[in-house]
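Should a chain be cited, it is by its letter among A, B and C, assigned in written order, with residues numbered from 1 in that chain.
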Amino acid sequence: MAYVALSEAEKTFILHGVEEDFRCDGRSRRDYRPMELETGLVSNASGSARLRLANTDILVGIKTEIDVPDPLTPEFGKLEFFVDCSANATPEFEGRGGSDLAQELVLALENAYESPLAFDYRTLCLIPGQQCWKLYIDILILECGGNLHDAVSLAAKAALHNTKLPRVTASLLDAGVTDLIISDNPYDCTRLTIDTVPLLVTVCKIGDYCLVDPSAEEEACSTVSIVVSVSMRNGEAFLSGSHMTGGGAMHRDTMRNCLNLGLSIGEQLNTLLAKVLKQEEERVGPKRPKTVGFLK
Amino acid sequence: MLRVTQTKNALLDGATIAEDLYTTPKDCEEGFESLELPGKNPKKLSPLLRAGVLTTVRGSAYMEYGNTKVMAIVAPPHELMRATARRMNMGVINCFVNFAAFATGELESVPEREKHLGSMLSKALEPVVCRTEFLNFQLDIRVLILDDDGCLLSTAINCCGVALVECGISTYDLVTASTACIYRDNVFLNPTAKEEELLRKHRGGHALAGSENSSSTTTGAPQEHGLITTASMDTFDQLAQCQQCGYLSPGTYVKLLDYTLAINKSLRQIIRRVLTARIKEQHELDVREKAESALEDQRLAEIIERLGRQGLDEFIQSTIKEDPFVKR
Amino acid sequence: MATNATIELALDRVDWCALAERQDVLPRVYTPGEVVMPEAGFMRGHGTFVEDENIKASVAGVIEKVNKLISVRPLKSRYVGEIGDVVVARVIEVQQKRWRVDTNSRLDSILLLSSVNLPGGELRRRSAEDEQMMRRYLDEGDLISAEVQNIFEEGTLSLYTRSLKYGKLSQGVLVKVFPALVKRRKMHFHNLPCGASVILGNNGYIWISPPKSQDQEGGEGGFAQNLGEAVPRNEREVIARLRNCILALAKCKLMLYDTSIQYAYDESLKYEAHELLQQNVIYDIGEQTQARLRDGDE
């Protein structure tokens, strides 16, 4: 994580605040900072989203390609994540500085999306065993203000929702060779279902308490945090991956508390995101007039 | 080989699918059936462990778990290479995992797995090592995987824990780790590579096949599948790392977690035994060395005493041994 | 376990420009390369250059005229120190007989061991022990309030804390804003009537802490910290609210001084402290505060 210098007194102040359930900016332990979302702002990508969580700014673009499925999973399409911690997020990312963090984010996302129950890879299949879609999910970190995992996963999910795959028709030629015809009408496309796509929730342990959405200062105070990937299926929350990070250890019971907190927050975030995405779609309509982007 | 039957796909309009030779969910099923299902009493685990296998490095350990063979090497901390990696009040731990060329049949994913294991391993070891003791230093831990038969991460953590102690790095506690996975409602403790493969490579292909019957509504409970690796420090009941992949309900997660914690407790006994044996061995060596040096001291004292008694010339005369050849 | 999470759409993003448009008198803004005035009879200052006998702006900003010195001040710039400024600074490194501190200026600033008040009497020789104890007084990461004592040629600031009001800061919150937003005034230490004390550092670092009781003031020798005591909830609420208000004012590009902060605080009372993070609330507070300030002027 980006490094923040804090004095002992500031740390104490933050710690006491967490104990009081009243953090430095007035939030309780379960509150998120306000977020802002926009989808479909990159015209060259099949799907894109920008999410701003206080100072954390994430831009996700999804590109598509036709690929051959893995022999072991002939019916599955492919996903590939790439995280770019650009040096304008923090000077620390300059050179190879951001690569560790980028790798950690990629691993966390890959782990979360690994299960076919979390992401239905069959929807990316064109001809089993022969052709499938491969989605390149490129994540750009523009500004880094804490809680990257959550922001990145929210942005990725919104971008997946926004992704439009052109409709593909296949015609069978002789000798079992198929020919793919990709529709060039931009409105003739299929969308992905994102109901079960997981969200990552970072539950941070400060003192004896767990909290979500830590700011960069709070991250500096925490000894250990657990990243929980929450996927909703049939109205129930499932774990599609989790790991601990931050260099500390925790008790089994604390861990269970963190897990429960993460699951309940993940569930609420999921519904919130779904609601917002639907709302945006209704207001924007199928033909997007213009995007807000970075202006205003 | 099996043949793919025609599959309906929303993205395809009126296409028929050519028959192709491929693995299918059925393959997966067969793979599953060929497995020995875990009995009521989980198999007794018998890891083989040795501390100090290499002589030139300070801390090394070797561990065999089933067919998995792992070697860990810890070098004493040295100065930080990258000043930017410096953390306030904390040393830095770097873990490097390498697969031996013959360790695994599937070479393609090796670099990716090496990276993943390395990052997870350093996360698991960070809470164990007293990092405040080597400020501005970095500790390099290298793990060589000689043979891969499942549970790589947990075996590597165990092995590193021993190597750390062997190297004399201060740690807060002994660290032990184990793996549990669930597939089709069967819990495998410390799974073999074949069992892990079912989960990872087929990616629970079966899990979907099962839910296909009730596909459109997806009312049937989803088939849980997943794998948990837990590293714990049992003196204070602390979890150093808990990594999970797959798809689990919270209840199952906790169940698997408790299984691994139980194994960790028993593993801890084994590791302790190995370490105490190692220290005893070292101690005996020390004692013997001390005895030998005491003997040497005694001999020297005798000579000095003789020298004092006899005077120099006489002493030299008496100690020169006659050369048998010159004599002749 | 309900969470307060909000995701707003970018479509609803607040137009911050609208806030500025309502101002009656907008200052003339110069852009780089623009002719400010003919050179004859004037001296060029910061942010300008001379070409073809004209003074031209080299940064985008407003003009500042001191007698015959013409300079252009940009909105966003790092802090340019002046002697006598009150600053809040963070210690970066402990060196031989001095501390290197971050004051948000271009170069790191220096705090000499001889320019701090050591515990145990004001006039005391600095001994060798003091040099070894430096880390005990101020360690890396610690925050101090100080005054700019001197500016070296290359622009490094030399600070001093040899007054009882300066010294190491205890529990509280640091807020960072653009230095240009902090109004230069006589007083930079304020005990606000709402129940918190604020140090408005000229360098854009603002320190909010629980109010100091009168007897405690000046008695701590500059190094005491009360880490054992937790700040009570009511004071904490005031601090959190103030923090969010100051950030809201900064977001609306309003000048920061005791009156504007107090007005913003009063306006914010109709919201919960955590609601002050939301855009429309920030906008509302900016608007209300601006209106009240204007009323006050008239």
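Structural remarks
The definition used in the following text is that a residue touches a chain if its C-beta (ideal position, glycine included) is under 8 Å from a C-beta of that chain, and two chains touch if they have at least 3 such contacts.
Everything numeric in this text was worked out from a predicted model, so none of it was measured.
Shared contact partners of subunit A and subunit C do not exist in this assembly.
At the centre of the protein atoms shown, by the Cα-centroid criterion, sits A.
Greatest Cα centroid separation from subunit C: this falls to B.
No other pair of chains shares as many C-beta contacts as A-B.
Our note on geometry: subunit A versus subunit C, Cα centroid distance of 36 Å, whole angstroms. Averaged C-alpha coordinates give centres for subunit A and subunit B that are 31 Å from one another. In this assembly, the C-alpha centroid of subunit B lies 52 Å from the C-alpha centroid of subunit C. Within subunit A, the positions touching two or more other chains are listed as 5. In subunit B, the residues that reach two or more other chains under the touch definition are 88. Each of the following residues of subunit C touches two or more other chains: 140-141. In the complex of the two chains, the subunit B residues touching subunit A come out as 4, 7, 9-20, 22-24, 84, 87-88, 90, 115-116, 119-120, 123, 126-128, 131, 200-205, 207-208, 218-219, 221-226, 233, 236-250, 253-254, 257, 261. Residue ranges of subunit A in contact with subunit B, taken from their complex: 3, 5, 71-76, 92, 97, 103-104, 107, 111, 114-118, 121-123, 125-130, 165, 167-172, 176-178, 190, 224, 226, 231, 233-234, 236-245, 247-252, 255-256, 259-260, 263. Subunit C makes touch with subunit A in their complex at residues 1-11, 13-17, 90, 92, 139-143, 169-174, 225, 227, 230-231, 233, 236-237, 239-241, 243-244, 272-274, 276-279.
Within the complex formed with subunit C, the residues of subunit A that make contact are 5-10, 12-13, 16-17, 19-20, 22-28, 30-38, 41, 50, 54, 154, 212, 261, 264-265, 268-269, 272-273, 276, 279-280, 283-284, 291-293, 296.
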